[in-house]
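Letters are used for the chains, namely A, B, C, D and E, taken in the order the chains are written, and counting of residues starts over at 1 for each.
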Amino acid sequence: MITWAEFKEIFVNGTWRQNSSLVQMLGMCPLLAMTTSLVNGAMLSLATIIVMGSSGFVVALLRNFIPYEIRIPVFILIAAVMVTVVDLGMNAYMHDMYNILGIFIPLIITNCLVLARIETFAVKNGPLQAMFDGAFMGLGMLWTLSLLGAIREFIGTGTVLSGIEAVIPGLHQIEVLPADYPGFLVSILPPGAFIVLACMVAAKNWYEVKAAERAKRQPPAPISAAGCH
Amino acid sequence: MLQLFKFKGGVKPATNKTQSVSQPIAIAPLPSHVAVPLHQSIGGTPRPIVAVGDKVLKGQKIGEADGWISAAVHAPTSGTVIHVGQQTVPHPSGLAADCVVIEPDGKDEWIERKAVDYRSLAPETVRELLREAGVVGLGGAVFPTHGKLTPAKSVPMEQLVINGAECEPFITCDDLLMRERGEEVVRGAAIFRDLLQPQKVLIGIEDNKPEAVAAMQAAVKAVGEDFEVIAVPTRYPAGGAKQLIRVLTGKEVPNGKRSTDLGVQCFNVATAYTAWRALAHGEPVISRLVTVTGNVAKPRNYEALIGTPMDELLALGEPKADTNGIIMGGPMMGFLVPDVKVPVVKATNCLIAHSDALFPPKAPEMPCIRCGECARACPHELQPFEMYWFSRAKNFGKTQEYNIFDCIECGCCSFVCPSRIPLVQYFRFAKSEIWAREKEKKASEIAKTRFEFKQFRDEREKQEKAEKLAKAAAAQAAKKAAEAAAAQATGEAAEAVPPPAAAETSPADAVKKAAIQAAMARAKAQREAAASRNTESLTAEQQQDIQAIEARRMASGLAVPAEPKAE
Amino acid sequence: MISAIAVMALGAVILGALLGYASVKFKVEGDPLVDKIDGILPQTQCGQCGFPGCRPYAEAIAKGAEINLCPPGGAEGVQRLADLLGREVKALDAEEKPKAVAIIDENTCIGCTLCIQACPVDAIVGAAKQMHTIIAPLCTGCELCLPPCPVECISMQVITETVDSWKWKYPVVDIKTTGMTSTRNTPTGGAGGIKAA
Amino acid sequence: MSTAKELTAPGMAARSAVILFLFVIGFTAVLATVFSMTEPTIKASAAEEEMRTIKEVLPAALYDNDLLHDTVDLPATAELGQDDNSKVYRARLAGQPSALVLQAVAPDGYAGKIRLLLAVRNDGRLAGVRITQHKETPGLGDYIDPKKDKNKSRPWITQFDGLSFDTLGEKDWKVKKDGGHFDANAGATVTPRAVVKAVRKALKFANENRDRLFVSTAAK
Amino acid sequence: MSMDFSTPPYLLKNASVTRVMTQVLLALVPAIAVYTWLIGPAILIQIAIASLAALLGEALMLKVRRQPLAPFLGDGSAIVTAWLIALVFPPLAPWWMVVVGTLFAIVVAKQLYGGLGQNPFNPAMVAFAVCIVSFPALMSQWPNQALHLGFADQFQIIFGLTPRLDALTAATPLDALKTGLKLGEGQVGVAALLANQDVYGQFAGRGWEWITLCYLLGGLWLWQRKIITWQVPTAYIGALAAISGALWLYDPAQFASPLFHLFSGGAMLGAFFIATDPVSGSTTPRGKLIFGAGAGLLTYLIRVFGGYPDGVAFAILLMNICTPLIDLYTQPPIFGMKNGK
């Protein structure tokens, strides 16, 4: 069904090489709205992982029955159903988390990343591959959005992990900076998301350039791109 | 008094003209040699009609005009042709071009000069005479003058503008010419007037040359013409043809249109002077006035022979010790010549000895701050900073949208730029890149059509061949069936219509094949071990053929001995 | 619930019908992309890319072939193709050569017409047993005439710069190295020799 | 993906319509199934949720009835800032009215409406106020929500606890900057101003309509 | 390499970026002097802090970008940005806020976009926007002029050595007017509010009106020196006067007079020193008119109907976004093409 090499390739693509936020720059709306804190960013990404994995799986399963000309409505239909299922499921069984993410779960359908992966990957690959692709794309989103949220939250309010108590009861936010830290509000507002994201993209590109230079300097070393993250 | 108009933009650099006007024009002494570039005007490059060793007389034609837009070149003095070929010419590239180098014999002996009364000649003949005399625009553009002397058919000529503005700093050769030889200038202008039939002749002179204005007014009166001598405000580049036309007539000549389409034409005063000399004295353009100025002890105007090495001419002005280059032309549009020994040409109106004290080195280029100074200074009302932006990014399509080809490279934008950006340089770069690309594109389009046609032809030939083959086969079959009994006759018939596939066996082709093989053998011998892939093992029979053919070729002088030839 | 399903189903039928209809009615014919690619290729028709001519290569690129196979187009050509197609720029798959034209050594030529047949743009004139010559302005420098020549009388001559073909150079932005110290761009060969004569 | 180039436009239209119809039916069925499976759980947790907020504003000692089922539906009420129906929960202790829990809206928040829940005791004192929904600027105006308030020991919203028009004259229901009683973080006065105004109006409404509300028959 | 071509013209006008920037700074000097006299020496401290921060940030980024330090630090553009930041920030703003704003302006708004001449937005206005969004409270605290604080007091407040008491600060006249009108809920008119001489002075903000007058004079001097052109300030002031005049005539009780709007807040500074920034502004003659008018109009709309005390910064930033479009559609006709096309 799926080989180890394929799995590794999909993993590296989703989490690093084709990272949805840092490389493809998709799904900017949730990125802007939900990364005001680490917890928010991570939770929304988790929901996205479920939606993307399942819709990728279903589309790949049915791909031979979907005519070309009506593929878009069908994709949207499938993704929307998956989103609604996740929405209902979370509402029923993870109500606390649903309270935080409630209004953003239905918005996952507007995340162009979902449709983009279906259109470019799921329709051309097997169900398992498509599921992993969706999940790992979401995983890539998870770590980037978490990091983005953490940075914005830290600069903006001087705390880390605010809102964690809604996810894991008993844990509390950590106030890193002294209480009289005035807060740097731009960081929490949408422009801050753009600025921090730009810095992250710059850091990634800088790393890639350096890595390429290193690879060029020692050509005999076998390059395993998969190993870098 | 005529109403004057204004052109937008322009700058007012220090004029630096007084240094070189205190002395009258001097005749430069004969140089050690003269190198006359054949290509001294816009248009076709004249063909040399002399060879090394030829004796030439002063004024003798040495280069024949090539095409209508082209002008002849002449020997500036009498002497011996010592070289015809590549020589470094005064061009920013520092590249060489074809020149005729003459060693003067010191006699400065004229060829027979034939004065004509141009009024009695047909206009075509006059234009032809000017072309033969090498009369070109001496303001710097060196466009063949005869090419500008045909009025537009639909638009009546209203004004003829004689350009004595001389707006560039340092240059005074036109000033001196007007002061000392004003009458001849006026007579030259009259020639143009007679050819173009304008309603008015306007002589524009910048108001910083009152002596020239007075001299010209006196000359006009003396000759008895009704030309108007007009002092125009001093502002660079008032001497640009389009700017002067604008100032004197209010007309703006857009890019891509000839000024005659608007009923106006413009000539430099020096051009008028040479036209008069050519017709009334039979003297072709072999010398011109050159201002020698800048970092020299004795700035002055010289009448110098075309082809005089610049360093020899500059030496007359006694350059100071810190001189480190020669600018040909003015400080705004001229350029540092790549080699001080390059010859004076028809476009050389001024030689400025360059020193770092006189022209301080530029501060480093800073980024553009879009201050818009360049746009305000541009006499063509362009947006130089936008053009700069796109030239720098090599986005040439955009530069054209911002009308880069309207740029006259006057240098006003670079002059005012607070960031010290060599704007003109960027525009020249962009322009020449665009031209090169255009050329390439044209070539590739031609290649494409030719390729497609060849493919089409090959296809057609293949088809025809196949048809022929089929036809022949059918004919043969028919004949076979009809004349089954007469086998002999069949053979003849088959030979009469040889199938194309068997073509290579025809006698003509056999000869050709043999020739090829012979040549191959020769090539093989030449290259020793390096065997061509076309050279397969030859049969003894072929070898014999080859030898026979080779012998024949040798005898007839067709082939060369089997030795490697240089080039 | 029932009404929701009905609405969805109705929407599906209408939209499906519309989309199906449009997919047939508004089908795009031909491929304008190939023309655009062909416009970028230098039309030397040299076949160095491994395709028989520029147009076939353009078609291949449109189908996904590498864009760095055209040496006459040079690095700039690769760049422009990459821009057009949104692909990554790759190093040219061969060395870039200076532009050249073929020259037939008229003394060696035996008039075999092989080169005439090889020339893709009919830039060689001549007849059997007559000396051939190349019409230089039409020659694309593709070198296709070199291999068939049995006597190797054709050579490539690099086109040198003349006063007419000379191009103004890109002004060197040298602020990085100079700091406040000044530089002036004087021409080479400058006028070191001129002192008071 | 299958393509059928031979089909004519109407034929293609019919085919696409049928296929899309089948997909829609199929997936709507899936959705319906999931919905029916989760509905009871969702309803239960929604009720639990509703109750939890009420508990935040109303001390457990003040009621012993089933609040969720002892409610009155109000039409659009300008005094509460409601331009739509809203609910009033009636708390009773041993059958006697003890407090009202109202849903109010402050329409003039910095970034749109701020929704509040407040409990008013029968003696006219506020039992508690909570923000149920707002879009105020994070880090600036969101301290009205105790979860976001930096002052954990005494969140801003608790200022209202125990206040009534007897203890604080109606004129002083303003933020300090406007010459009133209530604190407000410097630089963010729009939000508390809106909240204070809404609470004042809602309290007034409760005082004036208490009897009428307890008398009216229960909804549902 | 760089020696194989000549670069005419050899004659150059005596102009440089440094000269341009120096003249802009000179034009600001009278306003700063009056500022110091009327409001207090705090502005001098802020100018010093901002200039230091700007040079530091510039030097750091130039190093990172591997650019030469000397020409770019010497061009004076960072100093101009720093002075403008100091002038638009509240004079008692804490030092760290001025530093954060200046660094943001230089590092992000200027250098990350490519440095001198490449920034699409005016760096000083970006600093203002970032700070007013991030620290709205601190950015709207202006000195309470009734207190007459001396240098030592102001120094201690800026560096946080004495606590920032609410009494030390007040709102700007613009903000005070807006709040007053809002609280009055239609009952209190503009005239009644403006009668308070302690806040509003003669015809605009107390003290501020004379400072803005100096900006106007400095701006006129810049125009006379041909550093700026007439289009942007004229259009800016014209548009601001026109819309405020129209609404004032419509209801003088609810809308302040044009005079108040022109001479309060950053209107004059914006019109002559910020909207005229050639790098981020429009460059064509007609474009400048549109740019200036747009900025003036937006300034008024944000002031009167928006949520922030002054609209100059956001108005100019918004017009900065439109600059490329404006320039594209307002290209002047070139020589010889005025009639045909």
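Quick note on the criterion: a contact is a pair of C-beta atoms (placed from the backbone, for glycine too) under 8 Å apart; a residue touches a chain by one contact, two chains touch by 3 or more.
Since the structure is predicted, the reported quantities are computational estimates derived from the model, not experimental observations.
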{"item": "Number of hops, chain B to chain E, where each hop joins two touching chains", "value": "1"}
{"item": "Most heavily contacting chain pair (counted by C-beta pairs in contact)", "value": "B-C"}
{"item": "Remotest chain, chain D as reference, centres from CA atoms", "value": "B"}
{"item": "Between chain C and chain D, centroid-to-centroid distance (C-alpha), Å", "value": "68"}
{"item": "Distance between chain centroids, defined by C-alpha means - chain C, chain E (Å)", "value": "52"}
{"item": "Computed distance of Cα centres, chain C from chain B, in Å", "value": "29"}
{"item": "Cα-centroid distance, chain A relative to chain B, in whole angstrom", "value": "65"}
{"item": "Set of chain B residues in contact with two or more other chains", "value": "92, 94, 335-336, 354, 362-364, 366, 422, 425"}
{"item": "Contacts with two or more other chains, residues of chain C listed in rising order", "value": "12, 15-16, 19-20, 23, 168-169, 171, 174-175, 178-180, 183-188, 190"}
{"item": "In chain D, residues with contacts to at least two other chains", "value": "12, 15-16, 19-20, 23-24, 140"}
{"item": "Complex contacts: residues of chain D adjacent to chain A", "value": "1-3, 12, 15-16, 19-20, 23-24, 27, 30-31, 34-35, 38, 41-42, 45, 48-49, 137-140, 150"}
{"item": "Chain E partner contacts - residues on chain A that touch it in the complex", "value": "182-187, 189, 191, 195"}
{"item": "Complex contact set, residues of chain E against chain B", "value": "4-13, 15-17, 19-20, 71, 75, 77, 114-118, 229, 278-279, 283-284, 327, 331-338, 340"}
{"item": "Touching residues on chain C, where the partner in the complex is chain A", "value": "12, 15-16, 19-20, 22-23"}
{"item": "Chain B residues within the chain E interface of the complex", "value": "7-8, 11, 13-14, 92, 94, 169, 242, 246, 252-255, 257, 327, 331-336, 354, 359, 362-364, 366-373, 375, 379-383, 385-386, 402-403, 406, 411, 414-420, 422, 424-425"}
